[in-house]
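Letters are used for the chains, namely A, B and C, taken in the order the chains are written, and counting of residues starts over at 1 for each.
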């Protein structure tokens, strides 16, 4: 990996970018949103093999192989819910080989960048993947993974992670978070409540989930009021375990309040299995509104991830489950959908909402203007498909002129690929350094200010946005 | 302020940009659309204080402070309609101080650029704002504002403004415009008719406005036909006072004709307070269509500003009135909404329409293709949130390949901040010089042509587009 | 024309781009989609005059002149369907002169670039157009067009075209394709089936077209089943003449199956002239779905061009016919509209679909994510208004990070302007070389890989995508 990678092609810009990047290259990592599992950290077992660590569970990697005609079975994926994969799934070494053979297909993608950066940074293997080196790389990785310093916790400590937020079901007891805190682990691992599964009364398994939640919370969820109360208590439980935020994922951002009577009626019909699509939608949009009211009360930062159509290919979903590479973004709007919510709590001092989109047209059109007025609104870092060099540069160019730097969230890695965390944060730091360098070289910003900003972007800004 | 600011970071491009910019740096300013008040120019009184000049009335500035948690009261804003602000509003020096304290939040925004450029260009104060210099700057500015050469008219003459278009209600008598013309003021100040307030029969106060219009025009506006006739007469009145254009602001660009009978029926029901939302919408969309027919008759250039949801936060609107920083763009389309209008008058020799959007996706998708076929259609300069360096560069890159330079409007400052006019035009000139330099350096355009174009963009092109 | 045109302004990037471009500057041309006429190639007659070759039939050129107020008659266009133009249309030399006079209006557009590049590359006339040179250029061109080496076939051979796909009605006998194959023409000219005219039962002339199709195919098209069967046979006929693909143009990409009974009922009502708009829409969306099923059976690559509102200005359409410069893009989506289609055949091994859009927001949001999962989906090259330097660069920047290079289609010239083919492909090669150079200079890609990719983009990639 070249030391100047991503720092720009114009010598004057690159020189400044190098300087700014140098200031934060080794700064501690704050990871306020992601999908590393607390259970895995609590267990702290060695990773099974290179494919299980770097390929099979990472839908960024598997989807591109699938798009080249590789069946998901050949990448170690098994039937939905099964882990480890059933017999019949490909052997790890074969999975690794499949990736190596198709490596050219990743040229120009951030997946390749993170992968190679991870090999170099985490494992000291600074070579290109590809058929010629595949076998030897596999062996070298496998050997390292057996060592204690490559167990999950040791890695996170080595990475300099200061805070790591997980994403958790409200019914989670948070026992693993408690265990980690008790174990004196050097990383502050905090939970994030994600109640998506309780919003849609038409979703399969909704009633069953309510029962589990009722047990954990001690509140009967047979009524709408009960469900709200149970969620309130779980939020409090999460807060007592260090949570500072919640997360919600929705196809669209509409938040529209119902009366208690309307919501209660839908709730009861849903439990009886009689709810219509329209009622379910109304219920979901009301729940989003209610989550905002709760946030305005308890001060948990509300993250909203809007605009992804999940599980686009039903046959793949039915066979392999969710998060298998075919969630596809759709056009998104925010100004109209969030109007009632922001009229209700947008200037409430305890309320805070971080808005994430995969429709980049919303950055300059809606997110930056909203964040540039409402004290509660922050523009979330480029999410998912947009978390890549060119897209990140478009994000800053689209947002900064209207909302500045201080109303953005700071970088969010959003990853379940533990080993890629430092590479992802490093990429972001390089790109922010470059963006600042471009402003300085174009005489839109002073060098002194850029020095302050590049530090703020990895420290003051994410700490502030997520109330860490 | 660095002399090469905004001219690019690549040495070869910057050198060319410098050359092209040099040709137009001191060219006269043509301002075909803006919100400076003719009454204020006719009165020509000194500005009250630095905050009242540069902060309180400028929602570009106040919205970002509000987004940081500063209440609008602390910025000198009073209850809606009140001017000067009521007792209880913050003192000017405190307002100034609040801005200085929050100056870092403006890094990377055009607001900061215009502000500092204005301080340097207009007041000779070439320093960064910030807590350390705030007091002294305030005093220096206050002292200068007391001098005759800082009165509004003297400033505009010093700025080299040749034409300045104001924005005015059809019921305006234009007495201030007449007074300015009679006074031999060196700037040609021309009115622009904006009849938005008469388009929506469901808006509060509509009937009252019709009565005022009836008095001024001498035509009874109790009927739809009467309203159209009154507006036609006012257009003629505006034309006789030098107007060359009208302006219309709408949430969406749909123009759909009603029959006279349909429109008449809605008009009467609206006067009786009985109109439905749907009827009001139909009435508004018909009015937009009628405005186009009028424009095709009298040759006033029709400006259309579409796609902003006004007064997003109702509590702020109710307390402080409109234009207080929470107008938010929404997704906009033009091809379908304007089809009937353009089928009716799009190739009419007297008709001309300049289309402005805050949804930049429309630039390459709809506006440039429309302007690249219809002789009457021009693409308006980047508007509002898009009037900033990176957005302006995206605008030229999105529009030029499909519509060239000659079907764009030339720069429009659209400002109520009188002192920022030269800074805004200067920014535009720098960015156009840079865009041309990039084309020349990439061998897509000859240097000779670029010289012609950079001049045309501040002279022939806006004069042509706005029939000045 | 400068040898480094379009290769970038930054010296380090340009040097690399020059190197990559050099590898493919003279590579054979693969043109898998376009509108050159097989009949014209079979006849191989000399072009009539410079205006008839370069201006009158090219709506890219005529629309911009029209937008400047030049009537289409003055550009040689006659009433719809008439060819050659009727008396009364402008003389070729006057048409040429009109373009020369308005040449400045094309500055910054690809039309000007292709035009001048064509004059230099094809005719050896390396000068700028404009009033001063217009007469002499016309004479020089006219003289050359009379020579045998400027007949259509000789030109295509000189251009190094290896494969040229035409676009043809299913009822076409393909006799001209057969004649070209028999004549031993050095270019492989293959047909492409485009059945748009049979999709919309509400379109004027639909029933008549069915009758012609019935005659040619030998299948009665009085029923929906008959029409499907006739189309299937024509696809087979096309395949036997070398076709590897079909094309479909739609306003929106919705593909929604009907039952056979529903479709049959609409078909019969339509033949009786009784179909509603809603039924016609349902029929069209079902046909798009059926085309996909056919493609999954016979393996013809399905091209889909979605999102253009045809013939926006009805008066021009009525007078001059289609393809006269006023087709305007509209906002487009793909993830939802194509979901049923891709659930049905998206992972089918024989199915392949290339998606083209003129709404560039779809590139990063929907097309790249779809192509990055479905083995069957490819992102089509920048289409129409987007086939221009800045837009092409945005395309690569929007698509590559999510879908890589190998799930894009390779360049498609889509032109009816035969002489512009080499200029268009050359432009694309320069821009791809530049994009790769930027990645290499930014250390995101190795130089070796870029060498492989720049070749693949003009050879392996289009051959693969279009099954050539």
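One rule holds for everything that comes next: contacts are C-beta pairs under 8 Å (C-beta built on N, C-alpha and C of every residue); 3 or more make two chains touch, one makes a residue touch a chain.
Keep in mind the model is a prediction, meaning the values are calculated, not measured.
Asks: Give me the C-alpha superposition rotation for chain A onto chain B, in degrees, nearest 5.
Replies: 120
Asks: Specify, for the interface formed by the sequence copies chain B and chain C, whether it is same or different in terms of residue numbers shared by both sides, with half as the dividing line.
Replies: Under half shared, hence different.
Asks: Find the geometric centre of each of chain B and chain C from their Cα atoms only, then give the gap between the two centres in Å, rounded to an integer.
Replies: Using C-alpha averages as centres, the distance is 40 Å.
Asks: Touching at least two other chains at once: which residues of chain C meet that condition?
Replies: 10, 331, 361
Asks: Of all residues in chain B, which touch chain A in the complex?
Replies: Within the complex, chain B contacts chain A at residues 1-2, 4-11, 63-64, 66-69, 104-110, 113, 128, 309, 312-316, 325-331, 358-361, 385-386, 388-391, 394.
Asks: Please give the residue numbers of chain C that touch chain A in the complex, ascending.
Replies: 10, 12-13, 331, 333, 335-336, 339, 342-343, 346-347, 349, 361, 364-366, 368-375, 377, 397-398, 400-407, 438-439, 441-446, 449, 452-453
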